[in-house]
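Input: structures, listed below.
Next come two complexes built around chain A: one with chain B, the other with chain C.
Moving on, here comes the complex of A and B:
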């Protein structure tokens, strides 16, 4: 059994994330997959606006920053100019599903040969916990303190992976979580498959990861993980949605 | 030939989320009684327990505090 140590593509520094935040786990998984596939010299990541805005400070490979929601548009430009590189975006629900939905939808529809890692924590974490498109029905947020109510015009949670899976350009759409070590291992395999798809020119791959935000959810890190398993998966069922 | 596992914990990176303590099947980990540089109670090893090397703590730690090394005992 190999030693379990920090991957080389992850810098040896402490992150700014809150205690129990899922971003740290996902940063490590991305770095592990890139190291395992020996892609660190040819990978270009695109960081979002949101809590992960300084992801480039933590990864030890090339990462650029995009305007809010435009990571997939920037990634399209990079990939078209440099098709020999492996290009991925790392975006939250505010970035990918809200302000950047037009870019997300049309990048997927064009079948751009990209990998998109979508971190879904059902809220706007960085700005103070406002309602996001992915907020669950009944979930209290800063802007829906009595819980999201579709009958008050607040809408229903957007199931982006299912929507994108209907597009012909999408090769791989999957929803997973990091709520337990078992799920972390599965998520790692999905990320690996999404990078493999890009190398094989299969088209657009999206991995949606249900991730905890204990600070905004006002739960302990352990209870946040339990809430994903008990509540979030009812709205956002796990598993492979499309594998072309 | 048997293997033993050494868990290395970087206490000053720990933010005290306790996910590793919750998921460790052997209950090998505990929360310290003192504070680290971040001002939180950090995760520490229990003195008399033996790590089986499953790696659950490494997998779930969001702050890269934990590393596990295997050594072979002949």
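Moving on, here comes the complex of A and C:
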């Protein structure tokens, strides 16, 4: 069950995130699971380039930087050298699905025994709200001012977890959100399951989390959560996609 | 595993570099196929498996350098190899490693460029190799072998130097050195005698210590300036301590050829041709391209009347010669795109200008 007190693996400092941003909740969930599973001395995290670039300032375990999009290549290097450690990446949609897609796909295809936590906020937060591969059709962004339009060559939202689930190396693929306490608790269970999979040498696990970005979406924190429940889930349905 | 003095083995330069990495306890290799260095990943695939170490054929050079980044962050010795276009792709990763102070050996078996160029020998990645190569304020030590045996020794040296200074190190071979077969005797040691520091910064899980972070990001005002000044001191130390070069017949020389890598081999033959005609010519051979061996070059060139720089490029190293000995008369002979200045061409060029 979730702690009421701050988990030891989360440092006692305030974050730089905007109010209503999902990263705070997700940093905490990762820290809670690591504490509960007594993994803080065994974990090596890999931080992305994106809004969560300084995740290592907030977590209290070993963390490695990675160039934009390359977190899973970095994690592959770490895990192959230190199979006794629990290794995870924490990446946004631009990082994981756009610039890093080759690394994402091939790490999953090799069935690397590690965990990928994918924060899908349907935009590039860090650079000011440009279109991401996961931007919804019709969703306005800094680079799709009239809304994403597949007919004008802007493509369709990429359902990465479904695509990766087709690969034999992938053990576990799931999509969740943090739009309500119930969903938060579910997401926490998925993270726990993914770490357990890794300890049991099951291969690659991905947890895609639909996560609010009130600043870029230009919505109040509450309306951002509502937009996930009412709009995002239509394109990105929640639930277990693969559990091998 | 300590390497024993081995008998001579017939090997290509590529295989010699790969075996040298094995002997230097390289634990992790990742690479992507590209000619003329394909013998390296093939050799490593087998030998790393035999030794119970890690070999990965990556999906690209970008993935390979970032895998190497992660492995190095764990404190093991790491190698990647490629050829010119592939090394261009690795540059972002090399810049990150320089910033994060991660040791690695990176082999570039140069081919012709720009673009896809060709697969013939070239020395046209000199600028890229000696001026940082990627973005930001940094340098990478860079060593250029002129034989398979020296290539092996420089790979071993590269691992020690990388660990000592916490920096990526380039071994810059060319296609001729990578492909040529020669008898190779592996040295017992790299020749680097300084004591290597323990890797207390490595990511191993924070058992018994506070958390470690490997990063090149310094967002707070002034933070990057402090970090880069720290790097500056390191580059300065490397410049002072790690210049390496060799000479041939320079004692009585009035004329000096400066060449590195396979071109230095060819220059030796040009010297024989010229010496037979009583032209007093010698060779200065830079082994470290960065730091450039300017101290030795300054000393050697004191009694030299004219200097001849020969490269398999349109003229890249020649700039460092001008910077090192600006007072000298310097002539340049270069061929590009797979063209190789031959011994008789070098001899003719020198005869023309030596008068």
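We take it that the second predicted complex is superposed on the first by the 241 of 244 C-alpha atoms of A that agree within 3 Å, B and C clash if a C-alpha of one lies under 4 Å from a C-alpha of the other, contacts with A are read in each partner's own complex, and residues count from 1 in each chain.
Note that in this section a contact is a pair of C-beta atoms (placed from the backbone, for glycine too) under 8 Å apart; a residue touches a chain by one contact, two chains touch by 3 or more.
Just so it is clear, the structure is predicted and the values come from calculations on it, not from any experiment.
In the superposition on chain A, contact of A:229 is made with neither chain B nor chain C. Using the contact criterion defined above for the overlaid structures, shared-chain residue A:154 touches neither chain B nor chain C, since it reaches no partner. Contacts of A:28 after superposition: chain B is touched, whereas chain C is not reached. Applying the stated contact rule after C-alpha superposition, one finds that A:180 touches chain B and leaves chain C untouched. In the superposition on chain A, contact is made by A:80 with chain C only, not with chain B. By the touch criterion defined above, A:5 reaches chain B but does not reach chain C.
For the contact definition in use here, the chain B contact set and the chain C contact set of chain A share no residue.
Residues of chain C touching chain A in their complex: 27-28, 30, 54, 56, 58-60, 62-64, 66-74, 76, 78, 92-93, 96, 100, 203-208, 211-217, 219. Against chain B, the residues of chain A that register as touching in their complex are 1-6, 10, 12, 14-15, 17-25, 28, 178, 180-181, 184-185, 214, 220-222, 225. On the side of chain A, the complex with chain C involves touching residues 40-44, 46-47, 53-54, 56, 59-67, 70, 73-78, 80-82, 85, 102-103, 105-106. On the chain B side of its complex with chain A, the touching residues are 3, 12-13, 15-19, 22-23, 40, 53-56, 58-64, 66-70.
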